[in-house]
Structures are given as C-alpha cells and as structure tokens.
Amino acid sequence: MRRLPFSSDYMEGAHPAVLDALVRTNMESTDGYGADPYTAAAEAAILRACGCPDGAVKFLIGGTQTNALVITCLLRPYQGVIAAESGHIAVHEAGAIEAGGHKVLTLPAQDGKITDEAIRGLAAAHYDNEVRDHMVQPGMVYLSQPTEFGTLYSRTELAAIHEVCKQYDLLLYVDGARLAYALGSDANDVSLQDLASLTDIFYIGGTKCGLLFGEAVVLPHRDLIPGFFTLIKQHGALLAKGRILGVQFGAMFGVDGVAPQPGVLLYEQLGKKVVDYAQRIRAKLIERGLPLYIDSPTNQIFCVYPDADLPTLGEKFNYGYMERYDTDHTVIRFCTSWATQEEDVAALLEIL
Amino acid sequence: MRRLPFSSDYMEGAHPAVLDALVRTNMESTDGYGADPYTAAAEAAILRACGCPDGAVKFLIGGTQTNALVITCLLRPYQGVIAAESGHIAVHEAGAIEAGGHKVLTLPAQDGKITDEAIRGLAAAHYDNEVRDHMVQPGMVYLSQPTEFGTLYSRTELAAIHEVCKQYDLLLYVDGARLAYALGSDANDVSLQDLASLTDIFYIGGTKCGLLFGEAVVLPHRDLIPGFFTLIKQHGALLAKGRILGVQFGAMFGVDGVAPQPGVLLYEQLGKKVVDYAQRIRAKLIERGLPLYIDSPTNQIFCVYPDADLPTLGEKFNYGYMERYDTDHTVIRFCTSWATQEEDVAALLEIL
Amino acid sequence: MRRLPFSSDYMEGAHPAVLDALVRTNMESTDGYGADPYTAAAEAAILRACGCPDGAVKFLIGGTQTNALVITCLLRPYQGVIAAESGHIAVHEAGAIEAGGHKVLTLPAQDGKITDEAIRGLAAAHYDNEVRDHMVQPGMVYLSQPTEFGTLYSRTELAAIHEVCKQYDLLLYVDGARLAYALGSDANDVSLQDLASLTDIFYIGGTKCGLLFGEAVVLPHRDLIPGFFTLIKQHGALLAKGRILGVQFGAMFGVDGVAPQPGVLLYEQLGKKVVDYAQRIRAKLIERGLPLYIDSPTNQIFCVYPDADLPTLGEKFNYGYMERYDTDHTVIRFCTSWATQEEDVAALLEIL
Amino acid sequence: MRRLPFSSDYMEGAHPAVLDALVRTNMESTDGYGADPYTAAAEAAILRACGCPDGAVKFLIGGTQTNALVITCLLRPYQGVIAAESGHIAVHEAGAIEAGGHKVLTLPAQDGKITDEAIRGLAAAHYDNEVRDHMVQPGMVYLSQPTEFGTLYSRTELAAIHEVCKQYDLLLYVDGARLAYALGSDANDVSLQDLASLTDIFYIGGTKCGLLFGEAVVLPHRDLIPGFFTLIKQHGALLAKGRILGVQFGAMFGVDGVAPQPGVLLYEQLGKKVVDYAQRIRAKLIERGLPLYIDSPTNQIFCVYPDADLPTLGEKFNYGYMERYDTDHTVIRFCTSWATQEEDVAALLEIL
C-alpha cells in the first residue's frame, strides 16, 4: 500500500502548470544554452518581480550546484564563507565548497539562523588577529531563507546582516531552495524585492517548489560575476536545452504563452496552501502535547516523537528521520509541498 | 516565419515517448536522489542491453558535466587524458578538465578520430623520456562515438585502442553523447555490448538523442569509482528528483510501465530514420557537387558551402556555422535528430 | 638594543653543524632534484633511526607545504581530515587544506590534543548517519607531536588512536614540526620507531629544529603514495638543488662526511637542552605564581601575564603574543630553541 | 673520477658571496615570514634596480612554484595562459598549471620563442569565434627570458608582445629563471627596467643564478595581486625563515651588510663570464663542424652530437641529454654557470 508522502518536498514531478507548459512547447525548435525566447522572458519576469530590471538571472539545475558555483565564482581564493553550522553548505553538500577551494567558517546557529552580531564578532576577531594573513579571510555570508529548519529571517534581521556585510566587505548570498514556502508564510515579511535590495545575490528555488528541477540565480547587479556563462559551462551546470528551465520558471512567473494566467506569479501564491497544511500539522502536534524540536512557520515541521509510536505512523505515512533525541524519542520531520493532498493531511492529523 | 531546424540535435524538447512517460508518472511520490524504482529499473535495463549485469549505471544531467566528473574521478592527480585535438573536452568544455586539475594531452585527429598507433606513440614517448617524472603521465584515453564530426570508430579500431590501453595502463572512456546516431548508422559495427567489453567506462547520451536531458554513465565493473555517489553530489551533478532521469531512460530502454513497448529498445531504433535523413542530405550534396568537409555516416553532415548561396539557404533553414573555409566558402553543418520531419528534409533537398 | 629572543624557534639561521655541512659541500657538483648521494644517505640514515628500512623519505621545504601535500595526496576527493580545532591545518595555514579540496573535520581539543574516543565518536556518527553519502567522509587523522601548545601524546594515547584508525579505515598522519623538542623532553615516551610503527606517515621537522629549512616526510611503507615525486613537483615543492636538504638532514642524522660525528643522531640530542631551558622558565613562572595557560613539557611555555608588567618584559625580551585572556591579562608564549643562549635564559628568569 | 660538470646550472650550492652572507648573518634573530630587515632591504634594492620604486617584490623558493602561483593568482578561473609549446609550464612542470585549474594555450615556437603575431592570431581567433563563451579565454602570456633553449627576446620583440597584450587585455608574465645569463649576454638588449616597464609581472631567478634557491617576483605595481601574502602561505610557498631569501638576494643586489660590495649589482655582472665560457664552447662546436641544434647567445649550448663520440665525451664530462636526433646522432646540451671553472672549459674545448 502506498504510504502518504510527508517526508520531503521533492518526491513528485512538476506542478501541473509547469508540466503543461513543457508539454505544450515540447516540439518547438529553439536555440540551445538559454539563448531562446522562453528563457529571456522568464528572466525578464523574475527581474520584474524582484524590482531590479537591470539585474540578471541565470537558470541552473540544482541547489548544491548553485551554491558551489556562486560561492566559488565570488570568493577570492584566500577567502571563506560564513555559514550557520547547520547550513546546507556546511553539512549536506559532500564538501562541495571545500572541493571548490574554500573553507566554510561556521557559526553556532539558533533555530538554524545566525545573527548580525555573531557575524560581526567573527569578522572583528579576524581583523584584530595579528596573524590574520596566515588565516582564511571571511569574504561572504551564506544564509538560507527559509533555513534548513524551516525558520525565517525577518526583514529587520536581514537588514542588520546586510549592514554588517557592508561594514566588513562581505558579500551576502541567500539560498532560497524553499523560497516559495517563505513567501507563502504569514510569518514572513521578506519579499523578493527585499532580497534583491538587501543581498548581493540569491536564488529562487524551483526543485522543491514545483519544478521538475531548476534554480534561478538572481544578480541584482548584472555584472557581478565576470565570465559567468563560461563558468556555468565549466562547472557542468549549463543545460543544453536551456529553454526547459525558461519554460518552467516562465510558468511560475506569469510569462505569456507558458503560464496558466499571464502576469500572475504562481510562485508567490502556491506556498500559501502548502504552509497552511504544515501549520495544521504543527497545531495538532502542540494540541497532542508532542514537543516541537524547532518551531517553524513554513512547510517543514520538526517534532520529538515517541519511538513507541513510530511503527504505527510509518505504516501509513512517509516522514523524515532527522536524528535520535533520547533513548525513547526521535526527531522527525513532516514536510508538505505543492503536491500535498488535502485528504492526506486529514489522514495524518487523525493519526497524530 | 519559422526556419526549418537543421542546426543541431538539441533544439526541441523530448521524444514523445519520453514526455509521455514523464507525464504519466508525474504525480507519483518516490524517494529522491535516484533511490526510486524507475531509476533501478532503467539501470537494470541498460545493463541488460550492454550485456554487463554486474556493472552499474549512474544517471547524470549533461555531457560536459559527465566528462569532467568521470575524468576527474578516475585520473590520479598527476595524470592527464589523451584526446583528439578536436575532442569535445579539448575545445568546447570551457576548460572543465583543467578546472578539475588535469591536462588534456591532444593528438592530431583524422576525421575527428585518433588511432591506436598515435596513442602508442604518445605513451611510449612518455615512458622513454628521462624526465618523465617531471611531466604529466598519460592515464586515460577519451574517444567520442560518433565523434564531433559524426565519424565512427569501427569495432576493429576500438579493439586496437583497447589493446594499447591495456599495454600502457590507460583507462578507456567513450563519450556517447550522440550514441543513438551511431547505433542507427548502417556503417556502424560497434554495439552497446562491444562498448561494455572494450571500454572501462562510457556514457549513453540522452540530451541529443531524445531526452529532455540526461546521460547514462555505464560502468561495466560496478566498483570502478569508490565514493561515486558522494562525488556526484559534490560536483553538483546529483538530481534531487532523480527518477526524472530513470523514467526518461526507462522509456528509451523498454522498462515496463514507462516505455511505449516493454522490452523494446527505442534507443537502439530511433537513430535509423534520423541517419537516413542525414544521408539523403549527404547524397544530395554530392550530387550537386558541393564538397563534403568531412564524410560522416551519422546524423551530422559537414560541407563546404559557397558564401554567395548562404543567404538563400538561411532564409528558410537553420544550419550550423562551423568555420570559414576560404574567402568564398564556409564550412556548415546540417544536423538531423529524432525531431526532424520528413517534409522539412524534402524542403531542404529541394533547395540544395 | 637587541631584545633577547624568546618569541619563536625560527628566528635564527641554521645550527652550526648544519651550516658547516652546507659550507663544506658547497662547491661539489651533484645531480639535481634529490638524485644525489647526500640525499640518499640522509634517507637511509633516517629510515635506520625510524626502524623501517623498507620505507621511504621525501625531503620537503616547509610545514604548511608538507601538510597540504601529504593530505591532498592521501585523501580521496570525497574525504576530509580529522584534526583538533587548534590544529595548525585548521587555523594557521591560510586554508591550504580546503584549497586542495578537503574539509577539515575539527574536534574540540584538550590542551591541544584529541582523543581516540572523540575520533571514534566522530567516525561512528558518520557511519550511523542515514545521509552519510551526502557528507564528507572522514579519511584521515591529523595530529601534531608536540602539539601547537607544546603538549605530548603518550605512546599509550597514540596506540589507542592507531587502533581507532584501523577500525574506521582512517590514515594516521603526525605533524612533527617540532619533533626534536618532543624527543628532548623527559615527559616523552614516543620514539621515532614508535611513530614509524603507529602511523601511516609522519614528518620530522627541520625548520624549527635547527635547519635553514626542510621537513623529512617518512613513509614507513614506501609505496604509500603513487606518483609522489611528480606530485611534489606539481605542488612546487621539489627543490632543484635537492641535496641542500639531504646535506642538512644528513648533518642531523649522523651521515658520514656531513655530520659532526658520524653515526650520532644530533636530531635526537639537541632538544634536551632546549627543553631544559624552557622548563626552567616554567618553574620560575610557577614559583612566581604566574598561571600557566597550558602546561607544556616541551620548548613552548604559555602563561597568563599581567598587562601591567608587559612593557617591562617587552623592553628586554621578545615573547609571543597569543591572545587576550581578560581585561588585565594576556596569554603569552616563551619559546626556546637550539639557538637559545644560557645567559639569555638567566636574564629572563631574573626579570620574571 | 669526478666528471667535469656541464650538464646544468643547478649542480652546486651557492655563489661564495651568497654563502658568505648566510654564514655571517646566521646567528642573528629576526622576525619570520619575510618581516625582517634583510628582506626589506633586498626588496628595495631590487625595485631600485628595476626602476619601479612603488612596486613590490615577493621572494619565493623555486621556479615551478613561482609559475604556478603567479599564474593561478592572476588568471580568472575561465582563463588560460598562452605559452610556447616548448615553454617550461607546458612541458616540465608536472601539470602544475592545470592542477591550479588553467589550460595552457600553446603556440608553435621558433627557437623557443613565440611572436606578437602568433599571439594576436590566437586572441583574434578566440574573439571571432561564435562559441567562444564555451571555450577557455586567453588571459595571460607567458614568456621565458632566456627561453628554455637559451635564446633571447629583443627589446623590440618584447615591446611588440606588450602591445598585443594591451590590445587583447592579456597580462604579460616573464619567467626569468636564468635571467642573469640574459643580462650577461652581449646579444641582450632587455634590461631589468625594460622588464619592469613592459611586463605586468616577472621573476628574477636565483636558483640557477648563484643562490642556494630562491626566485624574486617583481610586481611593478604593488597591488597587482590582492591577498598575495596569504596566497603564498596557502600554496606552501612562504618560507618561515624568510630572511634566508632576503639575505641571498641582498648579496646579489648590493645590500649593505650582506653584499660583497654595497651598491654593486653582482646579479647583473656574474653572467658575463658564464656566457663567455658557453660562447667559447659554441665557437668550438662550429669550428669542428658539429651542428648547433639551436643557436643560443646565453649559457646553454645545444648541439647535434655523433653517438659514436658520446662515450668518450661522457667519460670525462657531464652533459645534458635532450633527445634523439636521428639514428646516429643525439641532441645534447652544454651548460655553464657561476660555478664553472676556466680549466674545465679548457678541458672541454680540447676534447670537442
């Protein structure tokens, strides 16, 4: 019997609107490597949504690829990137940042987040150190929005981090692998325009937000990375049929001819229901007295679950295993997505 | 007005059978990163087709990515890879091999091919050199089948290269970006089984042969690359929704449930018509007295075209610009693919 | 006025015996790149001293170079190296390990040391993790003997670490930048032979122990690193006049013709007096009630010094600044070396 | 019996003036890593000699290290370096440039040299290519002066190459491993000042020109490489006792206290006699009718030697084996250096 899918947000194919756009355009002939009208239109639509019409967008394939490429292209070889110790680049990318030559300078995280104060402390300590020239220089800050634990930076927090970055000449990069689920959260006050004005570069995640695959890297200033096209090619990140990315993001950002409704930003809308489902699960857990491991306002809910009840749960539901909590409890994750079905949520609420 | 598409074989989306398989499976929930049943079935089907059931297949996204990853994973850091000076890795991959730390040791090419004799000469000269320990050691041979010029290695040629590789402890790697169009050529006598028995590793190209994207790396001996999964992840080449690759290759290799006809190897069949179209173009060029730049038995036809006639041609047809030939002529390419239409070929034959 | 030198152990040139050997052999003509009789004799003498006649020795130039080269040559690209958070490779090598593609997996240190238990914990956690294939695999353990804080691993501790390394297939590498001062300490029970039998590779430091420069990498099993000579060249670590290293180490390891006394291991002897000087300083600090920051039995003494007294100290003595301790105190280092003069120590003891 | 040394210019230790300076300063205590007065004085003296007082000098250890470091620090990751196919970086550095991530873009060489026209052709072809963004961009030109075959670029040739570099935004880098032997040749018209005004960066070779080891990298504009000190450290190229390089170059460039005669540039003078010896050998070869393989005006003489006579020659003389010429002849090299003795030259002339 099929188990109802709550383990992650990349278990299905593409959102119907995205798949439909791919099907409808399938037999058209266009130039390769992103030199097609769909890619151009998607870029324009995203820049419009981000309020930075003079910027640039590059469409890449996956998150680890995007992180490694952006960080390697922007850091000088003697620099490292500051990240939360729980940051994706610090833990689950198989050493891709180091393979590109750079140290990840980790900071302790609170609910998956780091603070402007902690960043300032690290940077100040570096520049105060007499032997700093024998050490890796901090050159960039990496955040994820939402974080790996589903939590959110507020606009105020992001602005404060932006400030410390200016002070210490650090680039600010935001990993938006699940950005649609931040945009869909009532707790969120950081818009795409805010990201474009407060960061040097960020990416709008597609893989976990309804695309077959794909991430849109937004450069508010288009010349940020000289030779970026060639570097994308060199890193094996250039899709031959680049329009497949353009079509998918076009469907999400209201591009005429591929989007279900021209001008309507599906990407900004689809997260609302997804997050609502997750928050119902959260409410139920609290109601039942199951402690949250981390309190998340987005589509990932982490809780401390009695081991005794896991078999029953696992019989009908796929959930994410995180880590052992104590001898009798496990930290698990429930994750909703654009593909989550109302009736599956109801079934889960019932069993909890 | 739409120009008829003969410039390359990656201008459209996916073969209808492939797209159909994606659409039908779209809403199913499966585990990520290739741990799904479609990927497993596609791997099994490919290994069966290659006659190496104990091997392994890894599904990657694009050709440059595959070449860089395979070569970097297999060479030791003091080794380089032997390739034709016209080889894709030597010219059009933006230095990806060097970015991975390795020198491309180029040999002069004849019709895009290199010979066992030339390889033997290079290897022998290296080991005869008194200061060879100050030099890059040849560690691998890179071939493409068909080559970048559409030509083919015969089984005899491949076996001879296999021999010299054994003699000098060189790994043999074949880039099969357009392999379906070799398999579809009457001139070809190298089967998938031959590739599996004569090479250490090769890839079956999907991007140019009917998939949205995707390349299947075949390792006849499954333990050839320790830690390969982690290395794929590290290089940003691991698709989160890995099953998208499994489904597409499954459709091509007869996997029940995704292929149009279970057990039928569409990949081995679709090239025939494509090559036939190209050979009609070739015949017409010869008939008209237009010199072939290189004589190719597959889906790419290279000819020396009078500049004076290019505007007329370009009005109705997309063709590939290669290089200037002399003051009055240009080398151009006509390329057919699974998406080529009979009537478009007819229209082209008429104008030539 | 000259300030008496207690800040570090690389402030002077070479031990007189070493310099004398260089002067005496200066005008001889020998082959380059280490293919000279002095280098061969030094290698043989060191292997004899280490009790591993079938091993190999390679002479490199400096410590960071040696660490980066050894670690890069031995780790597979998906592996990282375990080290104390205070380890030289984790802090003061400008990201050389990451520049070579590898993550440093840090463990909390106690007096600059890590334990077999902590290593076991890290390795076990890695192999217990469900998503370990998305993470950097631990592949090696890096220790320094003495540590960066002058402390020593005992033979028992080293044997326990050797055990856990075997259990988890980790290579064990010891950085002996100041090894002569371990060998010269009464508290030490780890001999060169122990290092050769308990580690996979280690280096005997020359730069800080009486040479102009130079480190001798000992491979108890000579084939540990295929292509090592070429890799040394590639990393820019191959000295053209390689015999300069051979002559210097020959002088330290009793090679006939260059050593002051053939067969006498100056390297094992010169540390005794140096450590004795340092321990007199330590005793004086304790006597005066100045707290030790870390209690070291070798040539580096770390203490918490009142800021108020630093100007007086600094007027006559060079000492090492480490870090701020509290608002009124600083952690400083006194370091002795083969070049330390008895009367300078006396002067220091007086002022303390 | 000792064979007289004509095989290369790095078979002995240091020039007596250099060794003397090391001996006299041996027991002084100075700060490490180049922060000592000798290094500062040598830097100032070299900048004075080069006529670029606002530049910077960094002292490194060996040639391959210097080439790899300079090229990696200056190229962007999508760029390659143009060099003669016989250039040291293209052949004998064990792939160090590729290990740093960059392709060597080779040009055919005439007598070891490349021309401004050939460079222009390569650059123009790159920028004319429609798919140049898929290719490695030329970013730098590497020359050696003298070349690996002992030949020299004239001031006019160098100025023409400087011009084409400006035109195509290429950095110009000159490898001066044997620069003293260019400066000592009557045929040379390129001064240190010319190098400083016509190149972006070059190095003054010490290892082959009288030092134990060491190369002085001259940056006519001091801010050319941000973070250069840290990068030197990261590459393992930072000498702990940095003053050993400062003292040696100080002795060569007239620094008071270490040079035999303050203000006198020994480096500019010592080559004259060395080249004179080599030219006597050249004259004798011509006189005897032995064909020169390449006609060099510096300290390396390449000739085509009858195999039948090699045993006699080899009995008394060390010479350099280059390559087989034909079935009966071999290309060999006679190399003189600062250590060459008048009577040894006389003996060689006699036997030829």
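Structural remarks
Letters A, B, C and D name the chains as they come in the text, with residue numbers starting at 1 for each one.
As a convention for this text, contacts are C-beta pairs under 8 Å (C-beta built on N, C-alpha and C of every residue); 3 or more make two chains touch, one makes a residue touch a chain.
Computed from a predicted structure; not experimentally measured.
When the partners of chain A are compared with those of chain D, the chains appearing in both lists are B, C. Ranking all chains by how far their C-alpha centres lie from the centre of chain D, first place goes to A. Measuring from the averaged C-alpha position of chain B to that of chain D gives a distance of 43 Å.
Taking each chain's centre as the mean of its C-alpha atoms, chain B lies 51 Å from chain C.
In this assembly, the C-alpha centroid of chain C lies 33 Å from the C-alpha centroid of chain D. With touch defined as above, residues shared between interfaces to two or more other chains in chain C number as follows: 77-78, 93-95, 99, 133-135, 230-231, 233-234. Across the complex, chain C meets chain D through its residues 2, 5, 8, 10-14, 16, 19, 22-23, 25-32, 61-66, 68-69, 93-96, 99, 207-208, 212-213, 230-231, 233-241, 244, 318, 339. Contact residues on chain D toward chain A in their complex (touch as defined above): 72-73, 76-79, 133-135, 137, 226-227, 229-231, 233-234.
Put simply, chain A touches chain C in their complex at residues 77-78, 80, 91-95, 97-99, 101-104, 130-131, 133-136, 321.
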